[in-house]
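Just below is one structure, and these are the notes that go with it.
Letters A, B, C and D name the chains as they come in the text, with residue numbers starting at 1 for each one.
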């Protein structure tokens, strides 16, 4: 299995996979969002704002999953030193930032009709704000370090330490403010509360977001591998 | 166009901004993809 | 006492030296030669354990090595004696009574590190090696900014004290220290342009 | 290891600025707050716990980049890494030295500044206690951040960006403990959680710090 983490092998198998992933992601997103936006009824309590669920929930889910993927990739890099995993973690971070921003923005907009204010220091929204800061620090560290292996090592350690502190922050924030988030109607862990009419398009959207994330990470990882190869070739040319 | 009622602005803004952000990350990633691919081809041709 | 077999070291992701092998017996020194950029510093840092070797083995008695780089690690706000005492404490050693005389620092004992000249700082940095009492020394350009007299002083300490006690030293230098020590020219070990190893290999 | 601690403390005293600068910064931030929010003592008293905590956090942040930068530049960090001293221990001593030169003075000065913000009288003990328990964690987390950025020429701003999110839990529990104390509630829960964070930081972060330092010395 580790064979596929060799840069050349990775470039090989991702080339045919990439367009299919993008195509499927686009299809799922188009179907899910159009279905959700045009063909679902309004919620009797929330009115049309329930339509935000098709963006908010998948984005929030993927914002966290992107970080978890970066954590796993960092661990693999530290243990097995497979270059592709380190570069994939780097490639995933900006995508995670975009998902986090979408989750924050749609959450805030949803807050206006629900809570009467665009921003409330609700524990979940606050946690996403903190996650956003972690993403920024991670990306900034990658950008600041010249040597790619040093950068991979340092960002991996930061990702691991950051994960621990992100979880701590989550609990600290809960302790600090009990919150306004009405989990029952919109969170996934209580999916039985989401009526089927809302659930199916939401599921399609989630699949779409997952596929879009995979496609973007594959594409960006390919870019990172190529950039790294340019660097290696130039370093060798300088020595010749 | 479905009737969005009193929250039309909020819902449309959520969709608009989200799609804009997604398009932006796709566009940026794609642009860099093409550029780096071209740069690598140039380096490989010379080397 | 020090055995290096088939060592490959890298700098910036590419191997610079391949297949370096040598032995240094107790009481012996080895002088590393080679043009700038050949990888003398890289080799010494690899030997000292500051960076991992790409391939090969380095063996010497555990907890017996010390490394001295271009920088002396002198604290400008501490006096000469305080600087030395700190390193003695870190290594759990006593400050040898004649150490200041050996390196011609007796008159400067209470001077602050920041007020020393470049050569005086270097002598203080070398005196650290006399304080910590390690047997295997990796010295990178130890005589930079030393005058002729100080070079002799250092060579004398190395020969009469360190090597005489069964120590070992690997020294990268461009000048003649006046030691009866074998020299190793690193030029033949220079890695080929397409040599394997190095972290960049996966991308080439 | 004690030798390293003593050396760092001696350097901080001799180089000047070590003790004084952080404290002066703390004072200035606290003095500026009333200019920003107005002189109403009721308002000031309500926001005092959070203000004192945020101000001391920023003051601790100020001197972080000096923890390793000087040792890195003059080469003593590489010498320390090849010395018999375990680098984990060195990292912990560095954090301890930073705490003694900044965290401890801040803790001791905080009650005096509490008067300026008309902190509720019941809260003084908890302010002192929470800072005493919490500032060591700030120093240890900061030492980790300083190790991450030690090889960078202009790492100061990046260091703040990396460290501040890590400070969130400590800040929340610290300020919460003082606030509960001021409101006459029981702050022991917050204090205990913060103590747990501090203990966890000192148990785990030295390893992360030394790993990062070795990478940066490569």
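In this section, a residue touches a chain if its C-beta (ideal position, glycine included) is under 8 Å from a C-beta of that chain, and two chains touch if they have at least 3 such contacts.
Not measured: the values here are computed from a predicted model.
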Problem set entry | A-D or A-C, whichever has more C-beta pairs in contact | A-D
Exercise. If you average the CA atoms of chain A and of chain D, how many Å lie between those two points?
Worked result: 32
Problem set entry | chain A and chain C, separation of their C-alpha mean positions in angstrom | 48
Seminar exercise, completed: In whole angstrom, the CA-centroid distance of chain A from chain B equals 15
Problem set entry | Interchain centroid distance [CA atoms averaged], chain B/chain C, Å | 54
Seminar exercise, completed: By the touch definition above, chain D meets two or more other chains at residues 218
For this session: State which pairs of chains touch, listing all of them.
Result: A-B, A-C, A-D, C-D
Exercise. Where on chain C is chain D touching in the complex?
Worked result: 48-52, 63, 65-78, 82, 86-87, 89-92, 128, 132
Exercise. Once bound in the complex, which stretches of chain D touch chain C?
Worked result: 2-4, 7, 10-11, 14-15, 71, 73-85, 217-218
Problem set entry | In the complex, chain D residues that touch chain A | 144, 148-149, 151-152, 155, 158, 161-162, 164-166, 168-169, 172-173, 176, 190, 193, 197, 204-205, 208, 211-212, 215-216, 218
Seminar exercise, completed: Listed in rising order, the residues of chain A that touch chain D in the complex are 130, 133-134, 136-137, 140-141, 144-145, 150, 153-154, 157-158, 160-162, 164-165, 168-169, 171-173, 175-176
Exercise. Which of the residues in chain B come into contact with chain A in the complex?
Worked result: 1-8, 10-11, 13-15, 17-18, 21-22, 24-26, 28-30, 32-33, 36-37, 39-40, 43-44, 47
